[in-house]
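Below is one structure. I have some questions about it.
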Amino acid sequence: MEDLQKRADTLIEALPYIQQWAGKSIVVKYGGAAMTDPEMQRSVAQDVVLLRYVGIEVVVVHGGGNRITEMMDRLDIESKFVGGLRVTDAETMQIAQMVLVGEVNPQLVSLINAAGGRTVGLSGKDANTILCCKKESTQGDLGFVGEIVEIDTEVLHALTEAGYIPVLSSIGTDTDGQSYNINADTVAGELAAALPACKLVTLSDVPGLLADPADPDTLISELTASEAEARLAESNVNEGMIPKLESCIRAVRSGVDYAHLIDGRIPHALLMELFTDAGIGTMINSG
Amino acid sequence: MEDLQKRADTLIEALPYIQQWAGKSIVVKYGGAAMTDPEMQRSVAQDVVLLRYVGIEVVVVHGGGNRITEMMDRLDIESKFVGGLRVTDAETMQIAQMVLVGEVNPQLVSLINAAGGRTVGLSGKDANTILCCKKESTQGDLGFVGEIVEIDTEVLHALTEAGYIPVLSSIGTDTDGQSYNINADTVAGELAAALPACKLVTLSDVPGLLADPADPDTLISELTASEAEARLAESNVNEGMIPKLESCIRAVRSGVDYAHLIDGRIPHALLMELFTDAGIGTMINSG
Amino acid sequence: MEDLQKRADTLIEALPYIQQWAGKSIVVKYGGAAMTDPEMQRSVAQDVVLLRYVGIEVVVVHGGGNRITEMMDRLDIESKFVGGLRVTDAETMQIAQMVLVGEVNPQLVSLINAAGGRTVGLSGKDANTILCCKKESTQGDLGFVGEIVEIDTEVLHALTEAGYIPVLSSIGTDTDGQSYNINADTVAGELAAALPACKLVTLSDVPGLLADPADPDTLISELTASEAEARLAESNVNEGMIPKLESCIRAVRSGVDYAHLIDGRIPHALLMELFTDAGIGTMINSG
Amino acid sequence: MEDLQKRADTLIEALPYIQQWAGKSIVVKYGGAAMTDPEMQRSVAQDVVLLRYVGIEVVVVHGGGNRITEMMDRLDIESKFVGGLRVTDAETMQIAQMVLVGEVNPQLVSLINAAGGRTVGLSGKDANTILCCKKESTQGDLGFVGEIVEIDTEVLHALTEAGYIPVLSSIGTDTDGQSYNINADTVAGELAAALPACKLVTLSDVPGLLADPADPDTLISELTASEAEARLAESNVNEGMIPKLESCIRAVRSGVDYAHLIDGRIPHALLMELFTDAGIGTMINSG
Amino acid sequence: MEDLQKRADTLIEALPYIQQWAGKSIVVKYGGAAMTDPEMQRSVAQDVVLLRYVGIEVVVVHGGGNRITEMMDRLDIESKFVGGLRVTDAETMQIAQMVLVGEVNPQLVSLINAAGGRTVGLSGKDANTILCCKKESTQGDLGFVGEIVEIDTEVLHALTEAGYIPVLSSIGTDTDGQSYNINADTVAGELAAALPACKLVTLSDVPGLLADPADPDTLISELTASEAEARLAESNVNEGMIPKLESCIRAVRSGVDYAHLIDGRIPHALLMELFTDAGIGTMINSG
Amino acid sequence: MEDLQKRADTLIEALPYIQQWAGKSIVVKYGGAAMTDPEMQRSVAQDVVLLRYVGIEVVVVHGGGNRITEMMDRLDIESKFVGGLRVTDAETMQIAQMVLVGEVNPQLVSLINAAGGRTVGLSGKDANTILCCKKESTQGDLGFVGEIVEIDTEVLHALTEAGYIPVLSSIGTDTDGQSYNINADTVAGELAAALPACKLVTLSDVPGLLADPADPDTLISELTASEAEARLAESNVNEGMIPKLESCIRAVRSGVDYAHLIDGRIPHALLMELFTDAGIGTMINSG
């Protein structure tokens, strides 16, 4: 009975947070352990469904670089990177799209459906949701790496209003229908700005932004977009963290209230961030 | 952190229950300690608001016999009862209505508003919601004690669809506009049948239905409507429990899925009943 | 037949007025004889229902000082007034709320229902409709006398759009749920401004504004808000008339087209004012 | 003042009738003096607009035999009748349509617009509202005299729901687009059945159905459809009254509550019938 | 099979045009051979229905001077013209309205219905759609010739949104309900501006605007509104073409994208203009 | 000009077909040359978009066995078939899903978008649209080959009502989220029955059903479902044609009006079938 009591208390503690976010949009960038560990997959799926049930319009964005590399290896094709971006020739683009749209996305759809959601997988090609052009680079031709021109949220809104949870692969299209590979963190940030969402939550395999990337005890709990930009300039930020931080800054600069970097290795990190006072990870505000 | 983890687990444990009840109506009969103890008042108010936020359409029904008696005493008028029902002459009716509609109802509205709800108090006179006639009794003239003829749920549905939590006083009206005092348990049961609700939850100051009313350890966790009727016939049921049990039977006989008798002295008993596996109190099913 | 002819002519005379007001809101401040005389009660109720049927969205506001005083007397509590306002300690507040919300309001609901309306009684506590704070006075502590901070018309609009006639008691709430007693004329004026209404009609027991309060033959048929302010400054205005005149001025200053002071002792004064050329009482325009 | 009082009383007397008919459809068959006398035209137009304002969905049906005959005369074409029906060759059909659709209908539209209505004139050709076939007669070829096959009320409902008053000429069409002349009383009866309307009111130049057609003092106030049929069989019914009576019988036999034959020479006869206790003319009920 | 292939190719050629115009309004000014030749009537009706089916909201406007003159002759009344406008005394107005509203309009309604449309005929008197005043002329009193004051498109929008094709006669009304005769080209231009339409297409019996009115080989395919004005000033424009050109200029000056003058003697000229690359006739752009 | 005339005539010839199918659903089973030949791909995409623009709600279903085999080969995995069905172990399922959902579907989405459609790709896993179980076979374990249990059309209807063209991959899910490979012809037939569609059109590389599969001149233009069953029983039907014929029979037996087998190697075969009198291929009716 005492245990029941505590459970009820916990539900009640969530009430003010539910009241705060109900009816608003949240973009969840799914990645890292949350994508590979079956336990963590289930955990995120449950969190997403719970958010949806308490009236929050969640849109999930995912990439899947590791899976692409695995498939490339299986097909004996070498993966090349320039400045952290995968050089994407036509064959690589075909494989990337197959893996993201045909493997990662349906798997995530099934996970969220299994947790009780009504989920619809999309790529940025659907309804021309992510219109992009070729990304120019000073470091050489990146091939079909896309730069976002515009995000058309119409089909996403149609689906969320009908109660669905859209899951979006980070594949874009140009006006000729050519597919492009886009960094999923970038897609999440731009999407949060376009919806607009009130929150962008990025799941990764680190505790958040660390003052000293080598020392997990130096977690920065909250900082402003300007402070985050200063940290980026200092360039002691971990390479994988750079696009995440940039997309967070982009989002809060464009009207998103808060961007969060949280540790996807912790079960229910998403709920913990949203529905408890303490919160976890790093929060970037518009400062 | 560990604590946060447990909290998130608790929220997730609630998910299947939320999925089960979202979009459905629940009638909460408010009474006993939940009505007198400030702590319990807040607790019920929070529970009600949480239910509403996760998509459950809650309607609260209340009476308030103790408060009526207090006011009668203050005005030096004697309270008379026949067969557990207050003999209600014109003056008593005036006082009962003042107390229920003008004191208990607004207080409950304020409590639920304070917990974050959007609450509207009503009596059965509003929009002629509770149409009743004079209750005839073999034990003498009961005065303005009403027997429900019909419940018109139109204004209740209009309010719940607009996101409000209606709070209904157990006062009815006849076609001439004369007010009647009605047993609040009876109102709750008829209302649950009329909406229709999927659940009727009655809060009182006992743990539920006891096999032996004198022994709190004899709680019956679940029984069918027929079994409940048999118990009523045996007449070792506590007098105050009779109308509660009758209204539960009436409700499940009329299409309500489950009727619950729970202990309103336990904080968040309402949530505990709805959102955890164990449940508390007594559940009556249609058997 | 000749009589029938005249009746039809009368209905036709009303046509241009119906066309003028259909689809607009009118606030009726109910009080005086219209509240105490059974004949006048019925008369006002019929008028209100007729207005509603011809497409006018009527909201009725009422106070009930006399009834509060009667109840105070019955409970042997002395009524104290400062500057025309009832000094309202906690006990007085409880009684005022019981009387207004639990007695006067339901009675009015029944009257209008009996005349064929679909009526819902509300206090300013419902859906936090009348948010107020404590009114400060240079003449001493008034207790729980409220000053209106904001009127939230959402639930009123939801009800009028669904065809209901809301009847609002002049009780407000602060953000903590504490009840406050507010002058009903003030509530009517602020509500007319907030809806916004096209007309505020105040029923009282005088023919209107009199140039010489002592001489009923000195009725002023129409004046501007500025002229009305000048009269207030002259202070030969009857004390009871002061808040009525102030609320009329407040309303027309805030976008209400016309404010009317009419004699509630005349049967169907409300219809006479709205649906005939001559009109009765005093009309204040925005000048 | 006393006069004002009577006016208000009259409005209040109309209230129960307004409550009874609001939201329902009424078909008004316009004809006789109401069509020729400017005073009566205005009177009917005002009545129709008032009905619309109090929430009654009015559809007006008109013919115009006299005007057709006038135009025929002006064009030196002889009017021929068989069994009360105009023998309608192609030229006559052209003239009938021009007069009804191009002269009578727009005039009526202007009259009702001038009284404050929002009026749209239609013929049975519009949206194929009145589908008919050639009427066969044992008395010879009637030419383009139509027999109604079906009335499609879709465009009428679309217009009444948008607040318009449709005015329908008694011209029908077959599936090839050929126009047909139809008795306007017949159209009114079939339309009342098809909408369905709760009332059919036929305006003509007699006080109603007379027991002795030669004696205006023998007005029958009310009779059943069966009694009306018996009277038709007795054949002492005035020839012009036959189709009116038949359409009334047809209407009440098909679900219309009441059919009225009233004297269009009396100003505001329409209002008098609907909004006063006494009523005028003859009412046929479904018996 | 080869023929089928060509047909399919043709349908596909129409696709980009359908995409361009779907969901937009087009005003078709019907006149000339399209009004007199049965083959051309059917052709235009089919074109209009096809436009409606592919999602274009078509409104048809028509006049009918020839038919009016015919009827005037039949009634032995002389037709008088001043500056190309028919001098319209009361009798002429009556005849013009009968012919346009009672003959030409219903015939066009039947034609479009026969081609599969759902058509509703209106005059500018219906719902006071075309409000006008008397047109003053320096060349003498024109009688009831109207000058457009305002076009109220509400009933037209209500009908097009419900899937109907409105057909509008060029008859207007003043605020007293007096009918006026208006040039149909002028009505079409003002209506296109008021809706607003994206295109105004005027059907007449010439190939379009000719540089040399005497030489059909001098067709001007496209010109700007300014160039069209210059041509008007040069006054070698054919008299009948003047109001057409003026209404085209008026339309494109008021936000209509393009105005077309096309040859209504060519079967399906309307489709050819809209759904093929080549186009026919003269197109006026806003330059 | 003459050519333009013919084009217009062709458009008009399509009108009665457009009227017949507008507002109804059609399922197009895409496959064969239409899937491999770039010219044919564009052709089908244009046809689909044209259908959508004239108001037909098209849903496209595709499989892609050849592409799966290609990918299997590239990964050095052998393709095994039993009774025409691909034996689908876990690895094969992963590859099939990647190819269908991640390659074929997005390519088709891009094609239709490029032709002007608003297209959304889905698999049967999205919103649990295709619920299936393991297909049992007497010829051995088929692995993850699915048998359809139920098709939930909710998300398809939501998308078509919002103007989108859904493109559905023939991948299903069981209640645990396990993917299954399903014959695309079977999916198309079941989907047509579930929507319900008025037509099922199957594109393949043969002219239709041939009386003698070896002789293309023996095309059967129309047959009943019973006749088609008889032909299946005779078993001289080409193996690839069997599931197509079965799905056609299933569809017309379940309320679909017509099922068509047409030659996807002919440009615009889809339009030719729908919008010309002659039609092509084989049509199966419910007989």
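The first chain written gets the first letter, and so on, giving A, B, C, D, E and F; residue counts start at 1 in each chain.
Definition applied: a contact is a pair of C-beta atoms (placed from the backbone, for glycine too) under 8 Å apart; a residue touches a chain by one contact, two chains touch by 3 or more.
These numbers come from a predicted model, not from an experiment.
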{"item": "For chain F, the least number of touch steps when starting out from chain C", "value": "3"}
{"item": "Both-way neighbours, i.e. chains that touch chain F and touch chain A", "value": "none"}
{"item": "Chain whose mean Cα position lies farthest from chain C", "value": "F"}
{"item": "Approximate Å spacing (C-alpha centroids) for the pair chain B, chain E", "value": "69"}
{"item": "Euclidean distance of C-alpha centroids - chain B vs chain D, Å", "value": "56"}
{"item": "Euclidean distance of C-alpha centroids - chain D vs chain E, Å", "value": "35"}
{"item": "For chain F, residues that touch 2 or more chains besides their own", "value": "none"}
{"item": "Chain contact graph, described as a line, ring, star, complete graph or other shape", "value": "ring"}
{"item": "Chain A-touching residues of chain B, taken from the complex the two chains share", "value": "1, 4-16, 18-19, 22, 46-47, 49-50, 53-55, 115-116, 266-268, 271-272, 275-276, 278, 280"}
{"item": "Touching residues on chain C, where the partner in the complex is chain B", "value": "74-75, 94, 97-103, 105-106, 109-111, 113-114, 118-123, 125-128, 155, 158-159, 162, 164, 171, 173, 176-179"}
